[in-house]
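I've put the structures underneath this note.
There are two complexes below, and they share chain A, which is joined by chain B in the first and by chain C in the second.
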Partner chain A sequence: MFKPMSAGFRSASPVLLFLLIGFAAPLLAVIWFSFMPPRSFSFGGAPTFENYRTIFESTTYISFLWSLGLAVTTVVLLALICYPVAYGMVRVFGKWAMLVTLLFTIPLFVSENIRLYGWVLFLIKNGVLLGTLKSWFGFELESMLFSVPAIILGMVYVYLPFMLFPMTLGISMVPNETRDAAFDLGASRWQVFKEVELPLSMPGIVIGFLLTFVLAIGAIAEAKVLGGQAVIPITQDIEIAFTYSQNWPLGAAIAVLLMLIVGVLVVLALRRFDLDSFLGRR
Partner chain B sequence: MANSTKISRRNFMQQSALWAAAFAGVGTLAPGRAMAAREKELNILCWEGYNSAQVLDPFRTEKGATVKAESLTNDPTMINRLRAGETNVWDLINVNNPWAREVMFPEKLITPLDRARFEPFFDKMMPAFKPPYKWAMDDSGTQLIGMAQRFGPYSFVVNMDKVSRQTAEDQGWNLWNDPAVAGKYGILESDDWNVFNICLIAGFDPFKVHSDEEVAKFKETAERVFKGAKVVGDIATMNQALISGEIDFHMTGGTYSASPARADGNPNIRGITPKSGPMNGKGGVSWIEITSTVNNPQLSPLAADFLEFVQSPKMSHTVAFAEGTFNPVAQMGNPECFNLFTKEELDAIQWDSLEEEMARCVEYDIVPDYAKLLDIMTAAKRAASGG
Partner chain C sequence: MQGAEPILSLKAVRKMFGPQAAVDSIDLDIAEGEFFTIVGPSGSGKTTMLRMLAGMDTPTSGDILLNGKRINDVPANKRPTCMVFQSLALFPHRTVGQNIEFPLKIRGEDPERRKARALQLMDLLRLPQSYYAKNVLKCSGGERQRVALARALAYDPQILFFDEPLSAIDYKLRKTLEKELKDIHRETKKTFVYITHSLEEAMVMSDRIGVMRAGKLVQVGTPQEIYSTPNTRFVSEFVGDVNVIPVTLGSDGLLHSPTGATYKPPRIPPGFRDGHLVIRPEYLKFLASPGEADNAISGSLYNEYALGSRIQYQVRVGETVFVVEKLRQQPFTGQLDDTVTIGWDAQDAILVTD
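So, the complex of A and B:
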């Protein structure tokens, strides 16, 4: 803990100042704006709860539920997909692990929107997938585009690296000696996984969960591009409030509620899984 | 030598403070110098097209200027940027017709232009734009507050292989009242225009204050129309969905949105203006962009120069066919400009029917109870998403 005006505090003050201006101030501005009268554009109005009342009296909860539901589904699917891949990258693939890493990393250099439009061309009626099936095999199927499964596909695809790499790190933290010792002591394959590997790789898993959850709950492009707005996520409500509605205070209030919900969920998760103890600091 | 460059921590701080004060002093006490710094700088807030290299690069070269342009795809967002204090950032703002006259000029967000310098350009435009052109003038009719260029009818777009032009024009907005079309159409994510269209589908004029019964009808129509939509998305998505056969038609749309698909070899995609509708018998809505000088305390002198620059026949043609969307321009009234358009380009912007379509349109205006209707429509979209 810094003592005021101690050498440490003074040394840290430029960083503190930077954080105050670059991080805390915009956040406080958003919070303050959420209490301004609806459809106003200045910070000078009389504070009011009107925007929050509007949110609670409207159907905005549907968008919150969609965002939460899509984020949770994405995290669960990513956990199921990424754990075996991460395990393979650490223990099985050997020298091919680098190639697999590159395959997952290279798409990150292409803009998310372009990748999603690539999926549109792949999935659209008479597109790469359905067009090929039709011309080669005579199958004429309905496209899955502009539906909830298409949105989930997009989210899983976009956020996969953010789950995979922390998980890989987590699994690589499990010492081989510990696994060998467990086997030597007569543990079955399942017991080694359940009692040794899973708990010891938990820091990476939890970080992957948190990272993908926070990113996924703020997702908007997948619902717009692949979902054709079949679902309106909460981020789109914020966007509409700030653009077409000309109602910045309402947008700010929805953003504050979203931050609160995400904050509470993250704090609860961190209380359940203490990262410090995982990382051996206590 | 060593002595002359020796700086202690204390005198470094003192010197820094002096320099900082000196710079601050220059900034506050000598606005003329700051103004001078903007003589080679121009910032434009616009719809896409004016921000393209084809339009900006020739101006940059001619003036040796640094020109920055930001493109947004709806008017309210751009105007909010000025309202939020960005009048000291931007020099030009390019939005649809009613905003300059009805909102930005009364709110002192834009400034008048020199009538003697700019009005002669209107003389060379198409007949509908002859001076004094309503949307380029303030309410009193004395101040010129912007320049006109791109325009077009904007109602809906069909794939003529699925819905004939004749059927679409005859049925007009009633097309959306047929239960059989559910799942066959898309909606462009252009929410301000969608408010107009929902009113038109519901059978009343959007550009007036609405009665409780009309608002109730609007709600019912919005819920039904959004529930039946196959996709809501941007122009690229709409065109892709039309061409691939995912949808048969979409609103909002017109020359502006259909022209890229038509130019790309899909003449079966066509903007439609209904033959009749609830706006004194008219069923279509048109837009006209007005570009104005922002009420910037340090307005760049290049702002007016740029407005003049894009009036030339060659640049007007470039603006019409800049990247993104392709549109008719008012300057096509000048044969020197019109002759620059190829047959393919005229076909892409539906020149063959432009005049009759514009005659069937009322001009885009501000909906007095827009905020209420938009909230209802947003709730309808949310409800359609499974609420």
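So, the complex of A and C:
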């Protein structure tokens, strides 16, 4: 244990203080607020489980399921899309990898909302895609805008870099000679992938999974902008509780439940894929 | 070593990287069961050569024959050969046992037979059985070497290739592992092809040595031949310190050095006109009088160095530095800066052409 007044502790104290004020305090405030009487605005009320009961008796679980479903779908699609691209960036593209990286990074400099409205213009009836098809080829299709696929498209698009770059890092961590060695020991291309490349790039893959999952379950703009009112994700329920319905304790309770669910899933995932053992620290 | 058909045969093998020949027209036969070492400085093409032999690179021209069959285009995973890499390339996410069993798992052998074989190999390589479930990253450098070798042996290759696996290991352990490797070679009776930049290492282990320089095989021979009859100055300078004097053969049958000195020649290679006279330091003697050896030079004793079992002396003759070595039990008892006479008998020197 460290001594309270050791140089290390004193050096770390500004950061500890910052974390306390900036991270722990708001979190505790939200948790505490979730136990306050409904529609109250102070920390002083008598603690109650009323808000949680309201959630379990209402249809809020549908929003939870939508958020989880959208997040899982997004993560799975991202994994399928990003692994080949990441593999190519590390092993195939060579000097072009830099250009590909730039192409994936530059959109990040533009605000997410603007990019999403760009997709609206692209997908909307008589917009860039359908309008072009109509005027060039003369056929008209239904717009996919304001549907679940449109939301997923938006989420996959927005969170792609957060899967791609950890994966690229993971794959680049696989030493070339272990690949050569497996091949030399008789493994087929597929066996080299299954036995060596995939497990050794797992840390990057798991980090990409976690990052995109946590981001995706907290997504709100995609459902609002591209989904119209097709789907209400849990984040929107929280927003509504805090703003439109002025029921802060209820919003806090939903937020706490969401944190719990995400926390449990992340812990389960980390236990299944132990990062330390991948990195050989055990 | 001679007699039967060679297990591995190279016919005019060449590998071009752009306009540069990394490996240039190499012909070589390696006999079954032989411990053959290719030695060369970095950039001499030895790694490229090994990669071609192992199937990780294909020759630009020429043929590689294994048991008489052309294998140029057979990929590494289809060749009955296996490589121990410089980095060892162990699988860090696997235990010692899983590493060793890898080739058997790939081959689809059942887990019990795999484990039995792995434990057998661990015995052979003096790895404790308790290491079977140990994470390979927890092993020491020497233990990892053994795991890498066990894994390669589990593949049951006809030829084992080694790409300088001992280069990153400290001196004492390296010396132990060199001997162990030679013992393993004896035990397994497999063909070993080893590459290294250290001729000393090659000498300890090999049946035959091939010296490479700039993509070409300069000399092939037993360690004894490479040591005592190097065919070039390059080869002669590869082991330890040597004394090299540029000489021209005069019409008087003597060797003339640029400083005007003359020396009695050893056996003169046919057609020799000029080149270098090479004298190993242990063949140089301190003389009480110049008449005690065929050739004698005077100089001053500059310094002495203890090399374990031997002591090395530096003698300066004008601009030239000569190194003389004597056994520790029979040291030279001169003072520094003394004028000393050193000399050698004609047949103890070697004439090389370049």
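By definition in this document, the second predicted complex is superposed on the first by the 275 of 282 C-alpha atoms of A that agree within 3 Å, B and C clash if a C-alpha of one lies under 4 Å from a C-alpha of the other, contacts with A are read in each partner's own complex, and residues count from 1 in each chain.
We take it that a residue touches a chain if its C-beta (ideal position, glycine included) is under 8 Å from a C-beta of that chain, and two chains touch if they have at least 3 such contacts.
The model shown is predicted, which means the values in this text are computed figures rather than measured ones.
**Q** Should A:182 be classified as contacting the first partner (chain B), the second (chain C), both, or neither?
**A** In the superposed model, A:182 contacts chain C only, not chain B.
**Q** Regarding the shared-chain residue A:195, is it in contact with chain B (first), chain C (second), both, or neither?
**A** After superposition on chain A, A:195 lies in contact with chain C alone.
**Q** In the superposed arrangement, which partner chain does A:224 touch: chain B (first), chain C (second), both, or neither?
**A** first
**Q** Which partner does A:48 contact after superposing on A: first (chain B), second (chain C), both, neither?
**A** neither
**Q** Both chain B and chain C touch chain A; at which residues?
**A** none
**Q** Please name which positions on chain B make contact with chain A in the complex.
**A** 74, 76-77, 79-80, 83-84, 186, 189, 191-192, 229-234, 236-237, 240-241, 244-246, 371, 374-375, 378-379, 381-383, 385-387
**Q** Spell out the residues on chain A that touch chain B in their complex, using ranges where they run on.
**A** Checking each residue of chain A against chain B gives 39, 41, 58-60, 62-63, 66, 117, 120-121, 124-127, 143, 145-146, 224-225, 228-232, 237, 240, 242-248.
**Q** Please give the residue numbers of chain C that touch chain A in the complex, ascending.
**A** So the residues of chain C in touch with chain A come to 54-56, 75-77, 82-83, 85-87, 89-93, 102-103, 105-107, 135, 137, 151-152, 155.
**Q** Okay, in this complex, where on chain A does chain C touch?
**A** 175, 177-178, 180-188, 191, 195-196, 199-200, 277-278, 280, 282
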